[in-house]
Amino acid sequence: MQRINSSIDQTFSMSRIAMGLWRLADWNYTPQQTVELLERVLELGITTFDLADIYCDYRCEQLFGEALKLKPQLRGEMEIVSKCGIKLMGENNNYALNHYDTSAAHVTAAAESSLSKMGIECLDLLLIHRPDPLMDAEVLAEALDKLITEGKVRAVGVSNFLPHQTQLLQSRLSAPLLVNQIEVSLLHSTPMFDGQLDYCQRERVIPMAWSPFAGGALFTDDSEAARRVQTCLEELSQELRMEAQQLALAWLLRHPANLVPVLGSGKIDRLRMSVAALGMEIPREAWFRLLRAARGRDVD
Amino acid sequence: MQRINSSIDQTFSMSRIAMGLWRLADWNYTPQQTVELLERVLELGITTFDLADIYCDYRCEQLFGEALKLKPQLRGEMEIVSKCGIKLMGENNNYALNHYDTSAAHVTAAAESSLSKMGIECLDLLLIHRPDPLMDAEVLAEALDKLITEGKVRAVGVSNFLPHQTQLLQSRLSAPLLVNQIEVSLLHSTPMFDGQLDYCQRERVIPMAWSPFAGGALFTDDSEAARRVQTCLEELSQELRMEAQQLALAWLLRHPANLVPVLGSGKIDRLRMSVAALGMEIPREAWFRLLRAARGRDVD
Amino acid sequence: MQRINSSIDQTFSMSRIAMGLWRLADWNYTPQQTVELLERVLELGITTFDLADIYCDYRCEQLFGEALKLKPQLRGEMEIVSKCGIKLMGENNNYALNHYDTSAAHVTAAAESSLSKMGIECLDLLLIHRPDPLMDAEVLAEALDKLITEGKVRAVGVSNFLPHQTQLLQSRLSAPLLVNQIEVSLLHSTPMFDGQLDYCQRERVIPMAWSPFAGGALFTDDSEAARRVQTCLEELSQELRMEAQQLALAWLLRHPANLVPVLGSGKIDRLRMSVAALGMEIPREAWFRLLRAARGRDVD
């Protein structure tokens, strides 16, 4: 599979498509079944695995780690991404509400907890999950730089950050922010127009795209926009002999920002079908037909 | 007539007011009549002529070129601006929809076609007509730099670009983007507040203003905003002894960004009347009365 | 009281809370009573006094100056901030409408008038009151730099400027813009999210917060947002044993941008109560509960 090399840090690369594990617990796999899934996913060329401390009510990293322990040699073939900075109400805490915490103490503890739960020595990429209005850029930057110096984290990035938020954190950080993981899909195309993806391109930040199928809404939702997109996907499916999901991915992959879609499926056939989209560049006109369907209007 | 000198490239200048030729075909002039119009326009001091590949269903450059061929010595008195990057459905193509194309192949071919249609050796200014979400800044920048190196284009710029889009393209381009041609008028004053004109001033980009009379809506439209502006223009017409059109232009010309209005009239009397606005600076209070009319509210 | 030191100009500092004098005339104090108030305010550690040429229908600086003349030695204990750039209709002028004027002539004259009315030799800080669409950055910058060189103004800043407006002015100015005074409160929290405070932090500009209680609406207004905030303030009042006003201030003070709230009360007890909020850092969860009340929704 094609890989995305960071232009900022030439030693860092990801697979062109990443696997998202936020629903790992829902799949109800035994550790052995998870190992088998991971092996097949790796065979497809997907080497980048996306987690977060809070996924699956804080259990995702543990489940992933249990699988890894059965076959530790898989670790070396992977880039493991995790995130922290959100405090989510749940059974194992008594938070009064969902909120953010990007303090040095919390971020450091969260990163160390990620390592411990997964049984690994170093995260390939640690992302700050959400822009925190209480983020003290100097304090957070120092904590992130320290995690890198200590070898606990290889590289850092952000998620859901607007350009001014990325710029603020970067202004105090020694390490470069290599990645911004944001929501992008045919039903959420604003990052292509409001400067988010332009900023990534200018500063050579790799944009990962979460919910590349809008959480499935792209294919099942009843909103006007979704129905327009569904109709267009059907037409193009026949014209280009591609599956709707492949089209939705190919639409993202054609963007010059080099989006890395994060796929949340645990079904290997679906992943294989999606990966095949990498070899299917859609024509420019097809791209704009999908954009027109998504926005409900022609370009100006 | 006053001229606007680029602060970035001291060898580049434009007339303070430009003539727009996007309706040239509608005027139904013979080449000889067009030559006579151009001569009179040049006599007024308007030396900058604004075209685009797509104007008049792709015929504008040809019509302009036919006139130029009758009197080739006019070329030396002009700055010729053209644009590319839009693919517009029409009789001479089979595009499935209007869309953008800022690929190296298309932009290069479009620029060369502009030269060929106009029968000139070099464009003074080539603008990318619209921000293309599929713009690959590196690829486009290389194509633009090459057009300059080859002597086919003297300078480059953009049109309808937001600051982050301009910044992205500039980040990969050797040549400076000298111009951004955007919509500005009393009925479209947002660029004065949302950062577009501030960016131009900061980076010393010349802003050309298309539709400076909002396509005529300023004087004829029935919307609330237009009627408020019309009333204010009438009052000020009497107080300042200026025509409504002169006031609308003087309002743009007083802005410190040094806006270059693009006038789309083919009637020499109208152009002469407009040009006279250059000598009529309106008082600060009149400027803010017009702004209040346009926005329907006092300043904060 | 804690002080905020400018990271840009180490010789410049303000008290962590400033006193706003825009209602000074309403208090109907004799000059002697004003002196007594100022003395008590200084005893609280509030040394920064915020004025503007237009406050109290252009009479504020005069009233403040009359008090200062009774006890000139107070001047040395203060930082005096004033603003100019707005032309407000009133009895002493015949402006046709409220408008802005950031011309060199007006700004220079306004600054000199401020000195004269207050009977002082130098303003500690002169702010441009509002972003003026007609601001000629080069001209204004030259006027501001000259005021500093001449010793009439010690430092300069802006008020109500968006980042792109600040960047434009700064791009032409030798002196650094040390301060941006903007509206921030629980009922106006957008500057925490739209880049305004991120810009201040990145560029180390001190943000002063006007209307930190939303002009009182925070405690008395009947809007849905205000009522949600009022309920939350009541709950937290009991939990944290703080007054509602202290909570509203502590919410601002906890923000890492180091907001300097401008308090507009002339009652020393109220000011003392507010100042006590400086010693009361609220917990992170309380901060996010107030944010949730203000926005009517959880964080993402």
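As written, the chains take the letters A, B and C, and residue 1 is the first residue of each chain.
By our rule, contacts are C-beta pairs under 8 Å (C-beta built on N, C-alpha and C of every residue); 3 or more make two chains touch, one makes a residue touch a chain.
Remember, predicted model here, so these are calculated numbers, not experimental data.
Here chain A and chain C face each other with different sets of residues for the most part; under half of the interface numbers are shared between them. A turn of 120° superposes the CA atoms of chain A on those of chain B, with the angle given to the nearest 5.
Separation between the centroids of chain A and chain C, computed from CA atoms only, is 42 Å.
Those residues of chain C in touch with two or more other chains do not exist in this structure. Within the complex formed with chain C, the chain B residues making contact are 163, 189, 192-193, 195, 198-199, 201-202, 254-256, 284-285, 287-289, 291-292, 298-300. Chain C meets chain B in the complex at residues 86, 95-101, 103, 130-131, 133-137, 139, 160, 162, 164-165, 167-168, 171.
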